[in-house]
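Each chain carries a letter (A, B and C) given by its place in the written order, and its residues are counted from 1.
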Amino acid sequence: MENVLFVLNIVGIVAFAISGAMKGMKYSLDILGVVVLGILTALGGGMVRDVLLNQVPMALLHENDLGYAIVASVMTYFFGKRIQNVTSWVRYFDALGLAVFTVVGAEKGIQASLGILGVVIMGTSTGVVGGMLRDILVSEIPSVLKEEIYASFCIVGSMMYYFLFRFGVSHLVTLLVVVCFIFVGRVLAIRYDWHLPRRSL
Amino acid sequence: MENVLFVLNIVGIVAFAISGAMKGMKYSLDILGVVVLGILTALGGGMVRDVLLNQVPMALLHENDLGYAIVASVMTYFFGKRIQNVTSWVRYFDALGLAVFTVVGAEKGIQASLGILGVVIMGTSTGVVGGMLRDILVSEIPSVLKEEIYASFCIVGSMMYYFLFRFGVSHLVTLLVVVCFIFVGRVLAIRYDWHLPRRSL
Amino acid sequence: MENVLFVLNIVGIVAFAISGAMKGMKYSLDILGVVVLGILTALGGGMVRDVLLNQVPMALLHENDLGYAIVASVMTYFFGKRIQNVTSWVRYFDALGLAVFTVVGAEKGIQASLGILGVVIMGTSTGVVGGMLRDILVSEIPSVLKEEIYASFCIVGSMMYYFLFRFGVSHLVTLLVVVCFIFVGRVLAIRYDWHLPRRSL
């Protein structure tokens, strides 16, 4: 299971980095800007989580993740147009990344003895803050606050993780259930164009 | 006195969360975006302060504050139009929150043995950074940098707190004086439309 | 050499604060907004670096730097138009600041036993994050991501610092080589209008 998580984590980093790099190219950033957006989208959520938990970010201590994000961003810069043709694939990777990042964040929150709201914030931040930083850097309102529903799956998934842990369900089952829930939710939301309600003033 | 601070802190969280949630609704964010803006406006200042002081944010360890912010934001989402009719009330709560948050931040700065500039930054950040995050997330230039004078009261209030503490004035008197100063200043600034000077290039 | 670094650090803070304050005036911020932008431009990079390394920011513990940033920002507010006439001078100070900040950041990364990518991120963040915060606060896309090449010199300079350190080159020589490299690179980039490549989607 550790190995599966390990691989899924890399898949998630690559998918998130591609999404950040593509956004950078959309705004005509230079190659460095594209790579910075890729890195922050892929690793920014985990970095903010670790800073909040008063730890030096994993990404600085174990540099492999930084390497994957940089390589994925540079590849996107050079082959961006071709990647556009496979975005339906990237979308699945992205959903996997979201699921894994959330689970990793929720687990860290539990290890830090946080309560349920704290665990939800850790899990959800790890999943969505990278994308928020990406949008803020190009002066967009983060799409996750406006039209995207996927943070809801991170929230519910983190709660599930918290309760399954509390009820003593085995680690493996907990992981599988939550990762599947977030992945399937995210894919269905895109497929059927689900949104959260809005009300204006 | 502890009890008064305790209650004022909740009042401040609720008022700040309402202001964040209303801003989110103004920009047609979905319900999750409204709640995220409410949470960050109410608790973002304290979180940044704690991170700068190398501590795990209070909001993650003692979850009640998160709960108040979430409830206030959700209520704003559902009853936002009616809240608009009582904004003059919200404004007073907001001024109270600003005063209490600043005092809590300045106190933390003093406990961390910071000098006067450090104490001012801790007090002022706790009071105003939440509102800055709110504005940044909707791609506005933070109003506190542009047209609002209230950070000035946080700055002067933090200095007063520092000197009263240094001169050995009792904790209770210090608290009362500084909270009243910031509260009254903020209310008068709105009443008489005070602004800081500007110069353009 | 310590003394030279000490002086160059102040030069850098002043130059960065001026650049932040001028940007604030361009957007008609009030005097407080101008000072906040000055402080964050000058000290934001170092603060983010220290937070990532799980340390209380130097700027809060040793307040002199805060003082320089505040004075430089206030002076810019009052004499901004005259400073515009000497921007070619400010530009050289700015290049010196970039070089010194990067070296200080890379050194901190090495002290924290980071690997080469971590050292590059520490050095480069210290040099460029202040300017990014400045741009984000006025809702601009950070120029360093879009059209400015100078972060590249920070990246290469941080790598040089890492390798010279690893190869046991004396501290003094390492400092001189890297500071000169970044300074000269930055000045030539402005002189000959160098840019990084861009590709749009």
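Worth pointing out:
What we mean here is this: a contact is a pair of C-beta atoms (placed from the backbone, for glycine too) under 8 Å apart; a residue touches a chain by one contact, two chains touch by 3 or more.
As the structure is a prediction and not an experimental result, all values here were calculated from the model.
For the self-contact between chain A and chain B, the two sides draw on mostly distinct residue numbers; the shared fraction is below half.
With angles rounded to a multiple of 5, the C-alpha fit of chain B against chain C returns 120 degrees of rotation.
One finds 30 Å separating the Cα centroids of chain A and chain B.
Looking at chain B, one finds that residues 51, 54, 136, 139 touch two or more other chains. Interface residues of chain A facing chain B in the complex, by the touch rule stated above, are 51-54, 112, 114-118, 121-122, 132, 136, 139-142, 144-147, 149, 151-152, 155, 195-201.
Of all the residues in chain B, the ones that touch chain A in their complex are 22, 24-33, 36-37, 47, 51, 54-57, 60-61, 63, 66-67, 70, 77-78, 80-81, 84, 136-139.
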